[in-house]
Every structure is written in C-alpha cells, then in structure tokens.
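Order of writing sets the chain letters: A, B, C and D. Residues in each chain are counted from 1.
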Amino acid sequence: MTKNISLNLISGRTIQQGVAIEGGKEKPLYRTAAGIIEMDESDFKKLGVWKNTNVRVTSPYGSVVVKAIETSQGPHPGVAFIPMGPWANSIIDPNTYSTGMPTFKGTPVTVEVAANEPILLGIELVQILCGVKTA
Amino acid sequence: MTKTITDVVCPFCGTLCDDIEVIVSDDGKKLIEVDNACVIGTEKFLHSQSSDRITRPRMHQDDGSWKEISYDEAVEYTAQMLAKAKKPLMFGWSSTNCEAQSVGNEIAEMSRACCDNTAATCHGTSLIAIQDVGLPSCTLGEIKNRADRIIFWGCNPAHAHPRHMSRYSIFPRGFFTGKGQMSRKLIVVDPRVTDTAKMADIHLQVEQGQDYELLDALRVAFKGEWLPDVVAGIPSEKIREAADVLKSGRFGIIFFGMGVTQSLGKNHNIDEAIAVTKDLNEYTKFSIMPMRGHYNVTGSGEVFAWQFGFPYAVDLTRGFARYNPGDTSTIDLLTRGEIDAMLTIGSDPGAHFPISAVKPIANMPSVCIDPHLTPTSGVSKLHVPVAFNGVETGGNCYRMDNVPIDCRKVVEPPEGMLTDEEFLIKVRDRLKQLKGAA
Amino acid sequence: MSEYIIKNGHVFDPLQGIKGDKKDISIKDGKIVDKVSSSAKVIDAKDKTVMAGAVEIHAHIAGPKVNLGRIYRPEDKLFSCTPTHGMERMGGGASIPTTFKTGYEYAKMGYTTAMEAAMPPLFSRHVHEEIRDTPIIDEGAFPVFGNNWFVMEYLKNHEIENTAAYCAWLLRATKGYAIKIVNPGGTEAWGWGLNCLSIHDPVPYFDITPAEIIKGLIEANEYLGLPHSMHIHPNNLGNPGCYETTLDTLKLAEGFKAKNKFGREQVMHLTHTQFHSYKGTNWGDFESGAKEVTDYLNKNKNITIDTGNVTLDETTTMTADGPFEHHLCGLNHLKWANVDVELETAAGVVPYIYSPNISVCAIQWAIGLEIPLMMKDPMRCYITTDHPNAGPFTRYPRVIKWLMSTKARETQINAFKHKDKVLSQTSIGSLDREISLYELAQMTRAGPAKSLGLSAMCGGLKPGMDADVAVYNFNPDKPVANPDDIETAFSRCAAVFKSGVLVVQNGEIISTGNKRTLWVNAKVNDNPQVMRDISEKFVKFYSMTQNNYEALGHTFVPNPYAVEVDATHA
Amino acid sequence: METVTITMKNAPALYLEADNVSPDAFAGKTAAQIAELSVHEGNTTSTLGKYFEVIGNAGATAADTKIVVKGDVKKVKYLGFKMTAGELVIEGNTDLYVGAWMTGGKILAKGNIEAFAATAMKGGELIVEGNAGNYLGAAYRGDWRGMSGGKILVKGNAGSDIGMYMTGGEIVVNGNIDVHALTHAEGGKLVVKGNAKSKVGGQMVDGNIFILGTIDLMMPGFKYVDTVEQEVAGVKAKFAHFIGDMGERHKKKKGQVIYGNLYTRV
C-alpha cells in the first residue's frame, strides 16, 4: 500500500504555461510547463518523496500522472497547484452548480508516488482519455 | 533590408498592449523581431513563423491518421454538418476578430445553433453577477491616472497579464499619480503567495473557496458591525485594517480573476465583490474590473450582445435568442449530452475543459478552426488551420475594459491560407445554398 | 434606381408649407423629383397621410453603454425575442433592442435618420460597429466634450481657437457629428465621486466652472460653423428644483447668434427638457417647472429643445451623467453599472420602472407633455423619449396619441393612482391644445432636420432632397373615432422610402436599404500647438496610442456621408 | 376534472422542450388536438404525438384539466411551464424548468427534477417526492423579482441557489441543501429539515430561513441575537436566532431596521 496524502487542488495560469501554449501544445515544453503539480515543502515531507518525482494525482473525477515540483508561490500547505491544461482537467471537479462554470479550483485529490509511470504529452493525454488514440 | 511596424496590438491577453513594435522583412513575408511585448506575446508572434506549421485542412481518418483536404472540401464538411445538426454548438470566438465573430453569428442564426465563447470557463460567472447587481467600472487609463488603491483578488497578473502592472495598475505615473507605485497601496487576496502577492502591501491569504465569506466580512467591517474572530482564515483585525485602507483612498479598483470566478461561490463571489465596490462609493471612488483572459473574449461578448442581446451562452435553436447559463452554457450542453455537432474556433476546449466535457466532442461531427495543433484539433473530425489573428490578419477586438482597438496585420500568412473570416464566409455562403435548397 | 410615384396622399411638409393637400410625390434615383415617367411604380396613398421620413435628434441606440445595458439585462429580453423573419434578422430587447431590431423598428414607424446622442470618443469604434449593424436608417453620433481634459484646459484660458481645432480633430478621429455636453464638469468631478450641481460649481483640479465650459463650447461651435449647435444635457438633471439650473444654463446662450451655412438658427439644443423642468424642494412637494422653462424658451429664439417624454414603462436609464446614475441607484436599489472613461467622460446605467401608481412618475409623464403643448413654435421643439431613459423609442406612436388627443390624455390621467396629485402639481389638466399633423411634421421632421443642419437633405419633400418618405394609414379628413387609432396608424407605416428605396411595405421590412453614417469633416487652420498637446497627452495619460486611437478604417464606416465644413479662418 | 395521460413512446435523441405540456395549453382540446401541439427537439419542431401517446380529452378550462405524464421523461424540459391552474402529475424523473413561471395550479413530481424548477413562481404548489436541482424557486438571470408566492415542498434533497431573490412564498426541503440559499432575498420563507452546507442567506435583505439540521459554515454577516422556541413545518424546537446579512443594505419599517432572520436548531 503506497503512501498518499490528501490535498486541495487548484489550477490556473502560469507564465511558463502561457509561453508553452503559444509555442505549440504538441511540444514536450508544454508537458514541462503544465504536466506538473506544485506542492508545499511540508507536503513533500508528508508524502516522503524528493522534489521532481512523478506522482499520480487522483480525484473522484479521474487520475493523472504529473511531476511533483516545489512551489515557487508558497507557502501553501495543504494546497496543490497544477497549471491549467489537460493534466489538471483530467481530474478537476466538473460540477457547474448550474452556472455553466466548472469548479476548476478546490478539488480534493490524493497524491501518491508513481516514480516509474510516464507523463503523457498534452495532446496524446486528451486523445487517449477520449478514446481516439490508444496508449 | 527590414521595416519596423509600430503600434502593433498584441493578440494574447485582455490587456491588449498596443505599443508593440515588429520588425519584418522587406517583402513583409518574414517576421524577424518583436519589441515591447511580454514573453508570451513575443512567443505568439514568433510561433506563426515556425516551419512545422500545418497549412491545409485535415480530416481525421478512422485509423487515427490524418488526410489533407482542400479548403473547399473543408467548407463542404462544415456546412453539411451545420445544416444537418439538430443542435449544433459553435464555441470559442475569443481569439478571433469581431468581423469573424459577426459572420459566425450569421451562420449560427441560419443553422439555429447554440453559440458561446470562452467566458464559459473564465468570466461567465462574472457576467452572471453583473446581470444580478451591475458593475461600477472604468477604463484602464483611469487606473493609471487616478488610482491609489489597487486590489488583485484571485488573479495573478505577474503570470497571466504580464504587462498589466507596468502599463496600467501599479507602476505607471499618471496625471494624478505622479509618484507611480509610491502613490498606490496594493492589496492581494489569494490562497497562494503568488508572485503578485509578493509585491503587496497587504496579502490576505484567504482559505480557498471562502472568498464569499471574506468579501461579506469586508462589507460588515465597513459598517463597523460585529465580526467573528476569524473569517476565511483571516483574523478580523486584519480584515478591519484592510477595510480602513480601502475607505481611506481617493480612487480604488478591484481587479479579479479565475480565483473567484472558478471557486466555490462562483458568480456570488463576484456579486459580493461588486457589492463591496458599491459600498466603497459611499466613502470614496471605487471601481471593479474582470481580468479578461483571451485577447478578444470581451469583443465576442459585445458582438453577441448587440446582435442577439446576450453576452455568451446564446441558444438560437428555437429560431430566436435565449440565454440561461446552466442550460444554454457550453459545459452543461456537453456534459448533459444536449448537442450533436461541434464547431470550435479561436479557443481550445480540449485543453481547457474538464475531460468529461471533452469526451463528447470526440464522439460527434466536429470541426476545429485553429492555426495551432491542439488537444481540440486532436479529437475533432476536421482540423482547419487558418492565419494567425492579429499577426497575419487585423480586425477589431475589445480590451478587458471594453475599449475597442483595431488589430494590425504584420506579415502575410503562408501561401493560400485563409483567415477565420474568409473561411467562415465560404461556409456561410455554402450554408445559404443548402438552406435555400431545403 | 427605379422610379416611384406616391399618389393622392394627404401631404404634410412644413418645409414647403404644405398642410395636408392631396399631392403626388415623385421619386427618382433616390431623390424627390418634380415628375417621373409613366413607367414609375405607383404607391396608392389615397386617404393616407404622407410625410418626409422622421428624424430622431436624440436617442441612445449604439455604443458601449447601450450594449452594457443589453449585456446586463437578460430580463429585458425574456420571452420577447423575435425570430428570423423574411428580410429580418433575429431581434430582442424591450427597452434596449438589438441593433437589427433598432433599425427595423425605426423604419416601420417612418423614421429614416437617427442620432446617437452620446459617443465616448475612446469607444468610437464600438459606436460605429453598432451603427454599421443597425440597418436602413442613416445615423450620426455626437461625441461628448463637456468633461474633456483638453477642452477644460483650453477654456480655462478662454482659448476658443484651440478648443475649436481640438473639436475638429476629435470629430474627424471619431467620425462624430456634433458637439455634445453632458453634465459639464460634473462628470469629471465624478472621477472623484463628486458632482457639479450648479453651473458655478468649480470642477475639481481643473479650476473652471460648467458655465465657462458651456459658453466656450457654444463659441467654438459657432467658430467652426458646424451643422448642429452645441447639444446639452445640463447639470443637476432629475432633481426637484432643477429647473433653476436649467434656466441658468439657457441664459448662457443669450447674445450668441448662429453662424453656419446650413440654415441652422439656434446656438444651443437643450435635450430631454422634461428631466430638467422640475420644481419643488423634495419628492414630496415635487411639481412641474414646465411653464417657467417654456416661458423662457418662447421668448428666446436661439435655442431648440427635445422633450424626453416619460412613457410609463419599465426601461433602462443610461447617460454620460455618471453621478446621476449613482444617485438613481440609491433611490431604487436596482443594479448599477458605471464606466469612467479616461480624459473624456463617464457613463452610468440603471433599470427604472415608471409606474403609473407612483405620483412622481405620473408627474414626470405630465411634464413631458406640458412642454410640447406649451411651446409656441413646433419648429423648435422635437419629440423624444431620450430613448431608453424616459421610455423606449418604440413608444413614439403612443406619445403622438397623447399629444394629438386631449381625450387620450384624460384617459391616462384618470388611470393614475394619484390623479389628484398629478392635477395639483402640473397644469396638464388645463391644457386643451391638440397637436395637428402639420405641427407633428414640424416636431418630427422639418424641425429636427433644421436643428441638425440637414434641412437641405432630409425632413422635407422638396424636389432635390433625399427621397425619405413615410406613408401612414391615417386619413386626416376623418374625425378620430378612438385615440388608439392614432397610435396604431403611427406604429406601422403603409410604406417607407429611405433614399428612394422602398424599405417598408404594409408594416413589413422589404429591404435593408442603403444605410449611411453621417459625420462632420471640419477643416481648420493648421494648429501645431493643439497637435503637440494631443500627442503629449497620448504619450503620458491615455492607455491607447494616438495612432491606434485615430485609426478608424473602412470596416467601421463602410458607407460614410461627410458633411464638409470649411472653418479655416484667414 | 378531466384527466389527460401522456406516455412517452419515442424518447428524443437529444432533449425535448415540451412547454405546451400544461393544463393551460391542453384546456378545451381533445386527445387528437393535444397530440398536434408543438414540441421542439433542438432546432426541429414537431408534434407532441410524435413522442407521446395521448389518452383522454382535457377539461374546458385549465382549472378542470389534470395531466398525468408517464414513461421516461428524463430528457424533457419545461413540463408545467407558465401553468396557471389545474394539475400536473409527473410519474418519473424529469429535467429542467418544471413549473417555471407558474402562477397557479398544482404539480406533483414523483421522481427527481433538475434545475430551474419554479423559476419566478408567483403562485400554486409544487411537490417533489424525489430530489430537486439547483435554482429551485429562484429568479431568472438578471431579474431582481424571484419567487413571490406559492408553495414548494421537496421531500428529498435540493441543490444550490434555492430561493435566490425570493420575495414571498414558502419552500420546505425535508432533506439537505447545497450551497447558497435565499441569496438577495427580500422576503419569503425557507425551511430545511436536513443540513445546509455554506453561504446560507448571503446578501439577504429580508425573509426567514429555518435550518433544523446543521450549517457547515455560517456567513460572517449573521449576528446572534437570541434563542427562541418556534414551531416550523410541524416541528416544535428551540432555535438560535441570527439576523443579517449585516453587510447588506436593509429597509426600515416605522423607524425599525428590518433584517433577514436565520434560525438554526439548538
């Protein structure tokens, strides 16, 4: 039974993600910029892993592998951040409360180590989840 | 030899910087250098020059491969799809110009479609709030010239609107703000210590999802009423301190972003923030403004509104316009299984919608009009590459404060490529024939 | 272009003094002509009323605040949106119709020209995009100058020539038609949450008074010799006792004479006079000041006005008078929108319900009718609802009914909950004047066209003029059985021509016509100082570059009609 | 009272807008005429009869017409739209806008209903035996005139934003509710026998809320005044009485400031 921690996930823009989407979402740079989860140092300790380890992030709505990096915009213990994009959107809460707006911010997730699992490129991640491409 | 084009408008974010300088080759075919833009804007201009760019429409084949087709074949597929669909959705419009949006509206009217823009996943809830309680606002030059109290609530311009702070909100020296940053107090409300928060005089590190409570507490503090010791993770003394700072200014502004529009509370967060702004106008002058994302999402809302009466989430299926987010809004239409065809233009739902709202797109007739390869083009049946708006074609667009600015064309698109508007006009004319025949 | 002849109609054309005689009107190549060939298409106007196309002098129908109203009032469109229909695009909006519906509704009522009353210069592109998407009618837009930093700085030192040069530049940059003033100085004060409620309140920082701004812009307007006069919404709008501010404002025009080649005689146009004709000290003793205001206007002939009639509807108020809208929202607690515009102006929007059960609303209704009934010269008093502020323009036929029939007025007065209050606070009950069709043509055609300096082009049926013609199902020879027949007749025309194109037939749109955008191109002497001041302000204080501000390309004004003015002075 | 039974035979591929399924639209019509009433699936218009089997003729007026809806109507919107009188019984689960803009009559939904039910309700009665969705008894977008009269009873749970801009009438929820209740209310009464989450009574000007269960997170704008004993919806209990929203504007009646009232069981 691998160790996992529970965090409150938010997603949003970063300047690196902005540059990457304009540079081409098919490129590895996009994965480097948005296929990550920014966690607080204290949460790394709780999870007991080093920075830059691949982790599996799971919510009631899905599961995705991203790279865990230490947040540069903290401290924010208990809060995790995945830049807006296919990785975050694989697991965020789609409930709109009949307002039209999904709940991109404030999804309870569990994070567990997945050191050897690959992080997919943005376009292929979506294609696989949509069944137009097989892994 | 090269030539320099000045006063170029950056087609990335709602800040719509219009002081960009672009150096192009003499024949106007190659873009060589971009000055004054932020890193994202610079990348946007330069990427149009990439050698691996797709220049012709492609059909997704059953085996997963792509087959290049002509624009005319792409027009035929698109027109047929819209003519046959019972409830087509035409989504996006935020990274294209108002001229293309206008043609799109004609098509939507003919095919009795649902049409929506990217407010669906950014400031749609702000629009709902504005419809409930109004919006005391101003243009960005007013901030530059008068503002001495700046709040960034749930937004992070250091990352999302890189030049906003230097052009309008924090650093510039305006008519009544000769000391620039020295003449302003900055309050940032964010659950993270963002790079914007690091510059703040006061950072309220709100408990994520409790912005509504914190905003209500501010209103209570204005009135000097009783407050709990801690609200949304903030001690009441700190809330009262912030309230006094806001009341004591001469001209203040609340900029807000996804942090409030997408968190629990949604439109009510904005609603209460607008109420805070109204309250402050009893003590001083205060405004509030959404930090719009896509460079022309605002324009899409304006064109929808003067042509159909509603700023987004417009449903034309009954032959007249209707509007009610929750019913006519894109995410709900997709996740509820309401639509049977999808046209995407000037946006990337594949990357920016929850996956449960993307899956249906992959299972219906779909067209993605986009100069880039994107997750949306990756799951659509037809991908139509077009010229880059604001780079290879001009056209009008609206800044986050609703100020219209006419974009400039700086280089020629690759040989034979169509613009959004040109492609849509062909679709419209073909659709007219099909409807006439029917 | 094809020929038409409108036969046997009762023609009313104040421009030629025609008072309902049976006449044929001939149309060829877009113009009114003396005669047409036998192949001309015949429009039978027997037992019908024929007038020139009507001219709207003041309405808020295009631009940022109008669209803000559309955006933030979905409930204004609930269950009222109209489907695609023949030539017509989808439409919607009761108090703030979409651009398409706006064009269709005006045309169906016989209007062929309309003026957007307040264009924020920074937003001129938006105004023109909406004008472009408003079919059929010719339109112009008035840029606002009354709180403009350049204007205030020049007029502080009474620099009329520089003010004029700046006005000419802005009219050209924004493709504007006239000099509009809204709450002079007060809207700049609103930048700090303040206001100017009298013409002598100093403007914060700029050290100038509303009176100096108003006088200075009258002088600049006549220095340029523009087709229209300075067009003003005075200070202190809508408050009990405001009629005194209004009289102070009107007196500023004394001694000025119109200088222009367009036949315009006034130097000031006072708009939505109803909102500026209130007596009393509070909403309790609120009463009409229509008599005081019209007495002055009847004596002083260098001013024209429009009425601003309250139509007793739920509507949406919108004005560049920012502080007023804030004040109004404090009264009715409905949603408040505001936009302050850098260096130039502001705007506010608030929904409002003119309820016949509220005495103030009923009194406002009465004042709006007293003014035209008390004005002796219909050529100087024009019907408006300050759309949508006092009511939607689509209610013009109802206003016309009230003006043409004492019986209709009595019916409405008797329907008021506070009838006695209406009768005691106004003199509406004692006014038995009924506006004639000839006077109506003066108030909606010849008059506004003359005031706008367009009387050579529209508002009349003289050969050589644009063939803008409206035919109404109204027989002047027959006594009106039921006043509602008047409303019905003026709601939907039997036929409407716009520049010689038949655009409406039996109340239906049959062509979207040849819509034009009217603007004024005033040539002035080179003025290096003003050009320097302009570029300096753009570099330092505007949020947009001067080049982008001035770029207003063909896509925005696809079919322009420039009124040329030579204001170069030796 | 005459009864018309309509039974879903050919379910729509997408969703069906059946705003003609109301006693007012049926009144005075035979089964055959009712089958001719229009319904809309996306941008196509066809007849009620194409989807439903219609049995029985309507009464002369709405008041003496009862409609029973059978079969799978999960994807049918607008049942009982704008109804003024008569009865409507929906036997299975159904979709958006049940009884929206209704002013009279009685609707009984035996299953679950989705969002926007009883939008801007003026009168009549809506009983839901299953769960109700979001925006129950709320105002239409942009309108400040929400539910002003009538009664709503939900035996299961209700969603978020119930009673937004409510000015009158009563909503009783036997189960739990989601976030936001009676936001901007200027009157009316809400009774929740189960639990509420958060943001209850935000921006409330006037009106009464009774929560017999718990509230996860109280609005800071609500201030405790006293403890009172009251009977609500057949339950007699002790309540902690809060007033608010203290941040919001409030009307005065006879010099007295009127606040919204929030009662939570102690």
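The working rule: a contact is a pair of C-beta atoms (placed from the backbone, for glycine too) under 8 Å apart; a residue touches a chain by one contact, two chains touch by 3 or more.
Predicted model only: the values in this text are computed from it and were never measured.
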Most central chain, Cα average position: B
Chain pair with more C-beta contacts, C-D versus A-B: A-B
Greatest separation from subunit C - chain, by CA centre: A
Centre-to-centre distance between subunit B and subunit A (centres being mean Cα positions), rounded to whole Å: 23
Intercentroid distance (Cα basis), subunit D paired with subunit C, Å: 45
Intercentroid distance (Cα basis), subunit D paired with subunit A, Å: 39
Where subunit B and subunit D are represented by their mean Cα positions, the distance between them in whole Å: 34
Residues of subunit B touching at least two other chains: 128, 131-132, 264, 316, 318-319, 323-327
Touching two or more other chains - residue numbers and ranges from subunit C: 72-74, 76, 335
Residues within subunit A bordering two or more other chains: 97-98
Chain contact topology (line, ring, star, complete or other): other
Subunit B residues touching subunit D - in the complex, by the definition given at the top: 85-87, 111-113, 128, 131-132, 210, 212-213, 216-220, 222-223, 225-228, 231, 264-265, 268, 271-272, 275, 279, 316-319, 323-327, 336-340
Of all residues in subunit D, those that touch subunit A in their complex: 115-116, 133-135, 159-161, 178-179
Footprint of subunit B on subunit A - complex, ascending: 8, 10, 12-15, 18-19, 21-26, 61-62, 71-76, 79, 81, 84-86, 89-90, 92-94, 96-106, 122-127, 129-133
Residues of subunit A touching subunit D in the complex: 97-98
Touching residues (chain side subunit C, partner subunit D) in the complex: 72-76, 78, 333-335
